[in-house]
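Remarks on the structure that follows.
Note that the chains are named A, B, C and D in the order they appear, and that numbering of residues resets to 1 at the start of each chain.
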């Protein structure tokens, strides 16, 4: 309905290959960024920024990582949380060993460490597929989680067994630790997430992305195109774990401020998986949708009864959330296997074809 | 050098030094293994018949047990609670067939796999929502299961076997035997086997696919219930058991997704393996390796024998 | 030959297309001149590039011996390269002869032979093969040039040259030798207003097709007038998708673009035209009525599948548009609420609709060729598309009349175009003098003489009349127009068209010449009537059966009365209302010789073949028997016979002009 | 043509799955620039032969030399990099992608830009992307599939999918193109188009083609030489006329199929 594509013809391949070829889409994107960078910090309350936006963005980042693995390359992983953990603990170690170094450097570096670990656990993916691989990644999940708890060196032998984030500042502004204001932390996360999303979209729209999808859709034919499965899959694991690692580091350093091994338990892995399924396999946008839904759902479930004047125990809320999430998964798999992203696509198509139905 | 000694020599020295402890550990492992095997068994049933990789099998176990205990705590006599629990497992089977399998039939397996994730969450949420999240105690006595332990003075030491464990072992074996007979000698059983091979065949036996699914899921439910009771009797009933129930997965990889004997052997291997590992090697790395040993075993296994011990070889056609 | 009197006093410096091209290359060198969707993107050339390219081609052609007065045939779809070759030919004062790309080898042979073509330019392998197949019959043909190399690389023929190579060679030569450049400039300057600018062969509905010779001065002059008339500028974009050989394309796209400096976009290929139309979004658009008709049908069909709510909304706003749209477009006074209502509609329906059709940016759209249905015409206008009609001929270099902005009506073809002089001969034939008026038919003085009146007016062969507000109405081919016994003008085609505007009526054949009153035979449109029958629970086994169904008769009778009403509204026509009609039991079919291959009814033939029915129509009988031969799909012949009901229709009182049935 | 330089040489190849013998001591060669057909009744081992040639299966016995290089166990992607492309009996397109992207994957071997540039998708990476897009557009033009350029292949009619798959193979600029029943399930018109394309590919790009096809008419028209397999054995090899007149073939195949 709002689309006026007449006259938007492409005179160069660069323009034709653009990720947002339609002007109206570019405008929309600009608006979203404007809201994210200006409106929310200005108008958003502490709760919105600290308890909604920051976690949402971080989870979305991790979801993107997982989506690259499952959605684009077709490799199921149940170990994402563990890889996030690797990022978190790596960042913790590095930043405590060399406190003077810029924290952003460490956040990214820990991404690379997670990346390395990811590759190791990705190796089996050549021999095995589908559920087998899923189970194999469980090994990563449990082994790494065990390490976080048992290898004292990782948490500097804190008696509590947890890791607390020391305060770090960036250009004189506190970005981590108690003294950091939500808004600053929000900006740090936002910038990183935007940048990494941009990179991810570049990857999936280029040769590498095509190779991944080729492997996903028909690995036999992919080999015939000269695509070597192992490198392609390992690269997917690497990139995926890198995203997870950075997300993990952000999660501890910017969001929670402290964490125990339990923070990276298998449930988180599941939740991320759900974000990807509900959001939409093979869609970056979907990762954001999924993250939003899964993260905001409990908040709503918690808020809703109060709004209705009922009081519900936090336990009940948790249980309800479980039920709803589970139901949603099944619902989406049946009704729209490609998740919210596909629904979005369909809606968009309808708007483009308006007033026609197709 | 020393480390190598600690890894490759010392443990065996210990075993030889205290055979009674070894026997005790083996027994512990055996019982654990039996229960793993049971979970895996329910799983194999479903996979054979409906090709669904039922991730929720472990949760079904906890859910079944929780229902039983929950009802009991609500004042329902144990025997009735048991029957009701069975009934609920049947309803569950029906629901799953209606809500999950039927709409998703002909979808890629991976879809169904993920659907069972949804099921997992649904069951956890539901169970806790209805019966509360706090750990519960299995009314062993009320269910007429033995309590206490048998102690043997052998090998210059004391080996004590929990009666409940013995019961578990016995019941488990009984169930396996029962299922075997069921598969071999009943019409439905044969139908199920047929389905595993190809769906048309099943129809020829005169049972609709949907019925078969219900039956299989129900059977799996009962197995889950029994397993749940056993686990529950050994530790409290709560969704903390979920983590244990996931152990069934490595078992499957060892045993192969489609092989009942595989499930059993795999279960025992894992059970015993991780107990021994934990007891003799665990201390080297600060213990707790039980939580991942099974998976790493499985992983190692995958790399060399992806189809499992007894699973059929997968030939990729082009 | 000198410029036609009307043109005198308005002569401009650029009286040939090459000169215009040069002007644009200097005046607006960076503005886009041509686009072509090729390999997935719109390759674009600005006027400077085009000028350089054309010069290169021109020199290349020169090296092949093309000189003043030589003929160069151009065969193919709309491709920039072909347009350029056309200009390059004109640059050498030679005469381009575009040939219909879908012409079969023989037709092609006729044109090329008749025009003494020296060099033929083909778009691709397909055309080249055609040309080669007839080459031996063409004594003058020295070379065949081609645009798309695919499949032609390993052809043995030595006189086969790629345009790209020719251009490259030309460019090199010009680059090397400044003298050649100057030589070329001299040729361009020497181009004169009365040079033959192009030869367009009129498709031969009547006898052999004739090569209409148009002069450079007149062509440019005519184009200048209409460009001014419609305010075209170098900001305008056009889609060149109509046959090169048709005056419509050559005028609307080529001539006007070269005068206004606007941009011509060539679609990727035939099956992507509508897509490409959407992408380019032309600002000036020309299409025959059938295109608009098909378009509308598609719209309605697609809307059928829309949800109930959406369809309601659509219908609602379309209704609003029908009520106010045209008035708003004509800048008439409209109450504010209606205006707002329409604006809402623009946002929800018309805007998106035009977007979906690729019409969003159209400033002026023309239709011509056949009569267009009032419904159809006003639909497009009501949603804000400035659609106008024009009446024209190849002999006039298109424009004779056109709708001036603000005074647009479906039932007229508009007022005389600028500097066009029109008169109605005593026999009702429309005759004109126009700026673009043709010079002669090539090598055919008699025909030329026939076409012109002694005082230099061109006979259109169409009968028509001016109505009160000075707009021309075309009735029919003059020779078909007759008179009733009482002397009222009887224009069968005019009546038949009015009938055919109803979707339920496929064909209509009107009788009345030298008779007491008008009667018609009607062919129902099976798909339309079939749907109607379905909706009304009427079951039928055969065409014959449904054609005879009384309720179908009622349906059609309704339409006929409608037509009578609108005829009654027209003083000259009121007397020629339909008195009786019948529905034919079989579809008129070209295979049975009842229609021409171009689907025009052959009235005479039908009259004798269905003599009993005609008799029945006039002897007042209620039914008539007929048995006639039919050819089935598979070519088998068969005979169908049956009784046909004949129905009388009430006459509407003749109204005074002014109130008009749309 | 068959006199030309030998491009691919298959010598005494035998292949068995478990106990089942799919190919039994088959030898034949493919000359550069020819169109070579492999025909035979179902289960004759035709497809297996193609799979052996491009490295999906590894024969237990026999040797295969391509470009004169004799190979041991070659992986499919190695075959690809050596210039062997292939289409499948039942279309094996990347369903999730558009026609264009499918064809572009055919270029991935030729794309060199590393991860870093891919991440930016500007400068060299974009330049490379565009350069290969151009190449693919030539193929799209060649196969006359402009109108489905941006359509997801999953939604296309079968005939077009086959065409896209051919396009994807051509994007690799192969020296040897293996076509597994390129015309299966096509109507007459589609078959004619496809035959035209195959001939054009062979003539204008000089691509050597080996094809399996059931439509004998097509095979006889298209191919320079024909190998006939039956139950994994080679029963005839030669020009269409020779094969046509070969009694064994008539009994085994033509008699049965037609």
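As a working rule, a residue touches a chain if its C-beta (ideal position, glycine included) is under 8 Å from a C-beta of that chain, and two chains touch if they have at least 3 such contacts.
Note that the coordinates shown come from a computational prediction; the quantities given were computed from them, not determined experimentally.
J.: Over the chains that touch one another, what is the least number of steps taking subunit B to subunit C?
T.: 2
J.: Would you kindly say which chain has the C-alpha centre located farthest from the C-alpha centre of subunit C?
T.: B
J.: Report the pair of chains linked by the most C-beta pairs in contact.
T.: A-B
J.: Quick check: how many Å separate the C-alpha centres of subunit B and subunit D?
T.: 49
J.: Centre to centre, by mean C-alpha position, how many angstrom separate subunit A and subunit B?
T.: For subunit A versus subunit B, the centre distance works out to 33 Å.
J.: For subunit A and subunit C, let me know how many angstrom lie between their CA-based centres, rounded off.
T.: Chain centroid spacing, subunit A to subunit C, equals 59 Å.
J.: Touching at least two other chains at once: which residues of subunit A meet that condition?
T.: Where subunit A meets two or more other chains at a single residue, that happens at 13, 220.
J.: Counting only residues that touch at least 2 other chains, which ones in subunit B make the list?
T.: 318
J.: By the touch rule stated above, which residues of subunit D touch at least two different other chains?
T.: Expected reply: 56, 88, 133-134.
J.: Please output the residues of subunit B touching subunit A within their complex, sorted ascending.
T.: For subunit B paired with subunit A, touching residues are 53, 99-100, 103-104, 107, 109-111, 113-115, 117-126, 128-129, 132-133, 243, 246, 249-250, 252-253, 257, 285-289, 291-292, 295-296, 298-299, 302-303, 306, 316, 318.
J.: Where on subunit A is subunit B touching in the complex?
T.: Interface residues on the subunit A side: 76, 124, 127-128, 130-132, 134-136, 138-139, 141-143, 145-146, 149-151, 220, 266, 270, 273-274, 277, 315-316, 318-330, 333-334, 337.
J.: Taking the touch rule as given, give the residues of subunit C at its contact with subunit A in the complex, in rising order.
T.: 35, 37, 40-44, 278-281, 299, 302-303, 305-307, 310, 313-314, 347-349, 351-356, 358-361
J.: Taking the complex as given, what residues does subunit A use to touch subunit C?
T.: These residues of subunit A touch subunit C: 1, 3-13, 15-16, 353-358.
J.: Subunit A touches which residues of subunit D in the complex?
T.: Listed in rising order, the residues are 54, 56, 75-77, 79-81, 85-86, 88, 92-97, 101, 104-109, 111, 113, 115, 118-121, 125-126, 129-130, 133-134, 168, 172.
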